[in-house]
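First chain A sits with chain B, and in the next complex the same chain sits with chain C.
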Partner chain A sequence: MRKGVTRARYELRTLGPSVLALPPLVVAIFLGVSLLAAYNDAHVSQSAALVHHDLAAGVLYLLEFGIPPVAGLAASQLIAHDPAKELHLAVVRPYRRTMLLRLSLFGLWTLLVAAAVSIAASRTGYWLVTRQAPQDQLTWLAPAVWCIGLGAVLALALRSTVASSTILGMLWLGELLLRDYFLGNAALQKVFLFLTIVEPQAAYWLANRLTLVGMGLVLLAGTALLLRNNEWLLGQEA
Partner chain B sequence: MRFAHVIAGAVRYELAMQLRRRALWIGYLLLGALLSAAFDSVLRTPNLPDSSRATSVVSWAVTCNFLLTLGAGLLLADRYRRDRETRVFELLRTAPAPDWVRLGGKYVGAVSATLLPILIIYLAGVARLILLWRDATLLPLAASAFVALIVPPVFFVGAFSLACMTVLWQPLYMFLFVGYWLWTSLNPTGLAIPTLTSTLLAPGEQLVVTGYFGLAAPYPQDVGFYPQSSAALATLNILALLACAACALLGGLLIHRFLAEREGAAG
Partner chain C sequence: MDIQLHGLSKVYRGRVRALDQLDLEIASGMFGLLGPNGAGKTTLMRILAGILRPTSGTVTVGGEDCATERGRTAIKRVLGYLPQELGLYPDLSAREFLDYMGILKGLDDGKARGRRVRELLDVVGIAEVSNRQLKTFSGGMKRRVGIAQALLNDPKLLIVDEPTAGLDPEERIRFRNLLAELGGDRLVLLSTHIVEDIAQTCQRLAVLAQGRVVFQGTIAELVGAAEGKVWTVTTSGGRPAGHFDVISTMHQGSSVLYRVIGEVTPGDAATPATPNLEDGYVWLMRDRRASVVA
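On to the complex of A and B.
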């Protein structure tokens, strides 16, 4: 048990403050922009209800639109980039276990940050999601698991962090641009990441969330499988 | 020009290297398929707003610019860092060609190569429109829309992707870039926070869309994307983007020199 905690502490140090700082950075940026919008509203319209709504919408955007893709970008970076990869592959402890531990620790940290924000928002009345608890927590959990899984598996499958991040980035804004297309298609509406923001009362909301969680878990299983292939891991795109 | 052959060599090398990246083709293939399917479904919509054929071509160019230029910026983010990771910086520093020549060649070559898949996706959409209406006279308009609406923004983001990566950590740059892209593409109508949309610094080139191509807002809520403009303002929009790109490259070059000197002193 103690050995496990020491190991987890060591891997957290290996992840470094830069990766761990990304989720809190997103929180700071989204809350900062929401506060600016609320400040502007307070001076322009002087409507307390509008200010309250803007702040609550900012929290929803942060949790469903902000944190998940950034977590995906960080996951693709940490799973594919280890400067001592060759050394790791030569030691007794399988490389796969080390990387999965790192990914789990980062995933856990992201979920902790998101959960803290959602709990704080619901306690203070800034929670716009009308679904019952704990189902409402799928608002951020489902896209976060999906993005982390996709970022990690693409970084390994394409052997390029940049390729993985590019696909994730284009999907991120592409889903917003093509939202009518996604929502109008019976299959694609189940994988639309930002459903709570765009269509909060959709009848297929729960199906969408569960599909995203299921796909995310499959993608994470794919990540674990790819981590078994040492020869594949050693090659990298030019 | 004294270094013309070096620039040509760097351009050729970077162009070939970027074109041979699987990431470039797989990324654009996935998004191109999604974008084309969505475009096709829009064309099949029975209650499509009454728009002319020319408007459809320009709107397709605007859509490609929004999504595919974002991808270009992300894909170009590792071109500078790669030289550092493969440790060829020290080797290149011993060559007689100056660093600005190499950086310039890298910029032109890598950005030009990234434009190729964008051009292919764009042409696929244009071909769909031409086949739909059996009207090949749209081709010159399509070519000018590509040159005016897609090429300058790709060179703009490409310059920042090279320059910013001299100092920024890659995931942080990517996150900030996607955030910037979203912010600069927001609909300014009724928006509380300021945005670059419809200004001279907008890579979405809304001033070019109205200034050169004369488009008007199809829906009242989109009026912020269609500012009053003229041919002169449109030209200024493009020049402002290219000037920003030049400044970014210059900044990147100065940082690169500073880092090289510091590393030299440390060594």
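On to the complex of A and C.
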């Protein structure tokens, strides 16, 4: 038990403070913007309902729109940029397991931050999601798993954090810009990332969330496969 | 501990042939692996460290087969490895990094691991700065952390790839001495393109060029290959005429002293010189170029 805790502590340290700071930073940014909007509306309209809606919408945007892509970018960074990779490949403990452990720890950290925000919002009446708990947590969990899986597998497949981040960002932005096209297509509806924001009452909401989770898990399995290939991980150097 | 390579080849995706039908036998002690950049040294080190799989041929390290997962795992248990590009985790201290590497190497007893870390911090001379974050360390200090992590599991096989690259002269000498002390009953495989490092530490060596072993033997044998081929010539400035390779050039006021290597004497004014390992290496590579052209 103690050995496991020591190991987990070191794995978190290897991620670096900048990666670990990302989820809380996104929370701070979105909540800050929501507070500003609420402050403005309070002065302009004097409507308490509008202020309440600003804050609740801010929480929803944070969880479904903000945290998932940032988690994907962080996953991409942590999986593609391990300075001691070659040292680790020469030791008894498999590199693949270490990287999946780091990915899991980061995922768990993101989950804790997002769950804390959603539970706090729910308890204080700022939770716009009408789905039953714990199903409502799929609001952020499904796109987060999808983005983490995609970020990780792209970073390994392309051996470039810049390329993987660019593709992830373009897909995220593409879905946002082409949302009507996505929602009008039966197949693409299932992979639309922002369904709770755009169509919260959609009949296919649960199917959409489960499809995203499933795809995310398949992408993570692909990541695990690529992590077995040392030659690919190191590139070609004579 | 011994290493045996028979017909070892490594072809990367894209059909880059890094190693081509290598045959080599290495016994305990310090063994040098010399060769120009791109000769295949790093690929060979990675295969011996169980990181890469050979494409064909047989490789055994201490009787374990590098081609099987089981063999590679067995090799990693007795291996200490210091790669050419040594990356460390900048936010960890030296002590934490070594403790973490100890866990990855399977040293599960926390107290014994802690004792070993303290011992090695003393051996490599960084005990006093062991709680400082690695991002504050100089290149030489990082190399010392690298060698300490390689020794954590008291390895029977120590593989060090270009360990002195980027070190200042004093650090280089210190590091070489440390490696020589570690030799003993271990097999220390030192890969480098710096001839001086091999000359100062190894009894036996192999020279790799374009993925092939072009020499295998003792330092004296490689030096002996250049016997009668090395001269010094003083000129008023111009290079001596003829088919020579200039090994060194030293300006001495109005004249220039050349050290050259070639098949025949560069003239009456030339003085025969006693060859060293660098001369032997240059002669070998020159000889190889000539045979390739022929």
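Here, the second predicted complex is superposed on the first by the 235 of 238 C-alpha atoms of A that agree within 3 Å, B and C clash if a C-alpha of one lies under 4 Å from a C-alpha of the other, contacts with A are read in each partner's own complex, and residues count from 1 in each chain.
Note that a contact is a pair of C-beta atoms (placed from the backbone, for glycine too) under 8 Å apart; a residue touches a chain by one contact, two chains touch by 3 or more.
None of the values given here were measured: they were computed from a predicted structure.
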Does the chain A-based superposition show chain B and chain C clashing or fitting? fit
Please work out whether A:S122 is in contact with chain B alone, chain C alone, both, or neither, and reply first, second, both or neither. neither
May I ask you to decide whether A:L73 touches chain B, chain C, both, or neither, giving the answer as first, second, both or neither? first
Larger contact residue set on chain A - chain B or chain C: B
Looking at the overlay, what does A:R2 touch: chain B (first), chain C (second), both, or neither? second
Touched partner set for A:S104, first chain B, second chain C, both or neither: neither
Just checking: does A:T14 make contact with chain B only, chain C only, both, or neither of them? Give me first, second, both or neither. second
Apex chain A: angle to the C-alpha centres of chain B and chain C, given in degrees as a multiple of 10: 80
Touching partner for A:E86 - first (chain B), second (chain C), both, neither: second
Nearest-approach distance, in Å, of chain C Cα atoms to those of chain B in the combined model: 9
So chain A touches chain B in one structure and chain C in the other; where do those two contact lists coincide? 237-238
Residues of chain C that touch chain A when the two form their complex: 12-14, 16, 18, 38-43, 46, 49-53, 73, 76-77, 79, 81, 83, 85-92, 96, 99-101, 103-106, 108, 110, 146, 149, 211
Sort out for me which residues of chain A touch chain B in the complex. 18-19, 22, 25-26, 29, 33, 36-37, 40-41, 44, 54, 69-70, 73-74, 76-77, 158, 160-163, 165-167, 169-174, 176-178, 181, 184-185, 237-238
Name, in rising order, each residue of chain A that touches chain C in their complex. 2-3, 6-7, 10, 13-14, 16-17, 82-93, 98, 230-231, 234, 236-238
Complex contact set, residues of chain B against chain A: 17, 20-24, 26-27, 30-31, 34-35, 37-38, 41-42, 63, 66-68, 70-71, 74-75, 77-78, 82, 169-172, 174-175, 177-179, 181-182, 185, 192-193
